[in-house]
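Going in written order, the chains are labelled A, B and C, and every chain counts its residues from 1.
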Amino acid sequence: MRRFAASPYGVVVLIAVLVAALPAVLPTTFYVRIAALVFIFALAVVGLNLLMGFAGQVSLGHAGFFGIGAYAVAIGPTHLGIPSWAAFVIGVALAALIAFLVGRPILRLKGHYLAVATLGLGILIAMVMTNEAAWTGGPDGMPVPRLELFGWRVRGPVTWYWVSGITLVIGAWIAANLIASPTGRAFRAIHDSETAARVLGVDVARYKLLAFVLSAAYAAVAGAYLALFDGLVTPDSAGFLRSIEFVTMAVLGGLGSIFGSVVGAMILTVLPQVLTVFHDYEHIALGAIMIVFMIFLRAGIVPSLLTFLRRSS
Amino acid sequence: MAEFLQFAFSGLTVGAIYALVALGFTLIYNASDVINFAQGEFVMLGGMVTVFAVAAGVPLPLAALLAVAVAVAVGVTLHRLAIEPARGASAVTLIIITIGASILLRGVAAVVFDKGFHSLPAFAGSEPWQIGGAAVLPQSLIVLVGAGAIVAMLWVFLTGTMLGKALIATSANRLAARLVGINTGAIVGLSFAVSAAIGAIGGILMTPITLTSYDVGTLLALKGFAAAMLGGMGNPIGAVLGGLLVGLLESFGAGYLSSQYKDAIAFLVILAVLFVMPHGLVGRAGVERV
Amino acid sequence: MTVLEAEDIGVSFGGLTALQGVSFRVQAGEIFAIIGPNGAGKTTLFNIISGIYVPLAGRVRLIGEDVTAFEPHLLARRGLSRTFQNLQVFFRMTAAENVMVGRHLHERRNVIAHLFTLPSVLRQNRATRQRAEELLAFVGLADLADRAAGALPYGALKRLEIARALATEPKVLLLDEPAAGCNPVETEEVDAVIRRIAEQGIAVVLVEHDMRMVMQISSRIHVLDQGRTLTEGTAAQVRTHPDVIAVYLGTQGTEAARAHG
């Protein structure tokens, strides 16, 4: 069972079972809505994990790509008359293209310098969304037309639960595939020793770029989903705090663990909902929980618990 | 020309605050390799504690002293309760801890104080002076002189006292420092205390000009971090240079190009600099050792 | 056949000359040792040949092609691989996975196929894994294949790096102190592994402090001192060379004498 849980494919099955079984225990559509949000954020974090947890490259600007996906499905149908589904495809492609174009120079930087460069990239993207009000509605954002597919109006928490849940399973499956392939081994090799990877013939720049583009695409898909689900998009979706939130989800759940990404997304989505009972003390509790978790489960929740289980048996 | 001077003065004023935040990042980073994203909260505490102490009838100098003391206490507590127990954790884990601390401190400030904006009366009058055709607030000069004094004092502390030298030794090589009998754990605690004090003083100085509130820390931490990286991480001179430069870029960018995109201009320049100098303006590239 | 040729290599760091005018040629299937006291420039020379540093002067030719200042991954494609004095193991991967990374150049690298794990990818993974197990067996680590590399002892990691480098199917293999930190038994094993590698026609270039080992297995020895060539020749020629004895007397005289006897 533990071996199964630790293998990437076991995790995909686990997530699939979770998605399939959860509606049976969720009492109201309020909870279904939160579960859908968890799946959407988890999708972005699984992508970020490919970049950070496997290829070992930090990004503090991933909400920028999330925002590109979100604004694509808002601007496309509203201003350009493009159908939502096509705007979705274009948005994801655009995020990947931007990642591809800026990735090569940015990814030459290492560690904290890479962190500040990606941070700058995210802020630039968010700033365009705030300031180009004629297109984006400015700081207040803009409404997003509902998605329509072959006459089927995709709306409501239950529908979006299934759409995002199934997409998350597919996203996790693709990530698991990649990790078990030569590409995944190249990612992990770069993480541990760039020098050794280069000497063994791995084109380090190419694989860093690949991880960056893939994670940008994941983020854009998630961003478009959230915008379509909410029916509204604001520059906050691309903001610095959202980027930090993604990184926190990835690290809290466990870098290098796909299930950890889901757990991290779940905690940081559900926790604020739970903590609202504390009213004014909500942020104090959130901050304290983050600190305590990272001190005691420093490799992240899922990897730390797996290590603990392995030791105790 | 007058316009140019005006932008230069306001840029230097903001830049001096960024420089202090960047200096705080640098001190802690050098002593412990920790990037402390709660650095901006020290600035917030400096301003907010002073504001509320003054409102409670405490004279300004005493209120300022109290604010620095509170920030230092928070800094030392942060180190003792959150950083020290996680010693040996990865860099990214430690960053998340400091982000958690930042959220927590903001939450505490919102509860203890409030969520409004606050100001302090200017320390030396609010009648602007005319310098070369530019109107300069006395408070701006106080910020510049104050920041300059802090940098000078820090320099004296680092190069002239045993404790300061121990801090430099710890930055240069932690193991070697421990071998010659330096208590490196205490030194890291000291770096948190000094960084907190520097941040708090920055917060007190800037409040009469820029206002303060419970959540000013995030943006300041972001700018201070960017400034420290622009200068070259771990280099105090780079931190000051980076801070002033970011302030000037914002000011000139807002003045001559677009006020909406002033942050974008600063970050575009940072990106451009890093592409040409991947270790910052005064950071040195080490030879890769394998 | 000359497979590796260094010609008049020179480099300096911060005004200090680290290497100057170093030239040598290595033939296929020979074991060519580079020795010298600490700081002689041996590892720097390795870093230049393997593309990690760019030389200020001189050329490096690999199988007749000028490859001076080529990126390491391009050199790997042309048949050059190496190990490291300071280990560069992928610590979070298993021993077998480490070696599998070495197969990178011989795998199909179609990302689309990887994203969807087409049957060809599974077949290829099996083949790569099998080759990795063979190589681990070759260096005597067969039973550690599924252990995390981070949990392996130092001596095993040295051999793991050799297996990983061999996985690229090099024509020239640079070994930077392969026996450092090994006990006498392990040193014997490494010794035997190096001989078998050379027997396959691979040119082995060796930096090593264990003089006994160097003298026993090297076909030719190149002696560096303070960044310059002192002499080059067979073990017999080198150990009787007065300059070599002079250089080694201060630092490793006893070692050289022991090797002599």
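Heads up, the rule we're going with is that a residue touches a chain if its C-beta (ideal position, glycine included) is under 8 Å from a C-beta of that chain, and two chains touch if they have at least 3 such contacts.
Predicted, not measured: the structure shown is a model, and the values here were computed from it.
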Identifier of the chain whose CA centre is least distant from the whole-structure CA centre: A
Kindly indicate the chain pair that has more C-beta pairs in contact than all others. A-B
List the centre-to-centre spacing of chain A and chain C in whole Å, with centres computed as mean CA coordinates. 41
Distance-wise, how many Å sit between the C-alpha centres of chain A and chain B, to the nearest whole number? 31
Centre-to-centre distance between chain C and chain B (centres being mean Cα positions), rounded to whole Å: 48
Quick one: which residues in chain C touch 2 or more of the other chains? 52, 84, 88
Shared interface positions of chain B, touching two or more other chains: 288, 290
Chain A residues touching 2+ other chains are 195
The chain A residues in contact with chain C across the complex are 174, 177-178, 180-186, 188-189, 191-193, 195-204, 210, 256
Using the touch definition up top, name the residues of chain A that touch chain B in the complex. 52, 58, 105-106, 108-113, 115-117, 119-121, 123-124, 127-128, 130-131, 195, 240-241, 244, 247-248, 251-252, 255, 280-291, 294-295, 298-299
Chain B residues within the chain A interface of the complex: 35, 82, 85-86, 89-94, 96-97, 99-108, 110-111, 218, 222, 225-226, 229-230, 233, 260-261, 263-264, 267-268, 270-271, 274-275, 278-280, 288, 290
Residues of chain C touching chain A in their complex? 50-52, 71-73, 75-77, 81-82, 84, 88-93, 97, 100-105, 107-109, 111, 113-117, 121, 124-125, 128, 164-165, 167-168
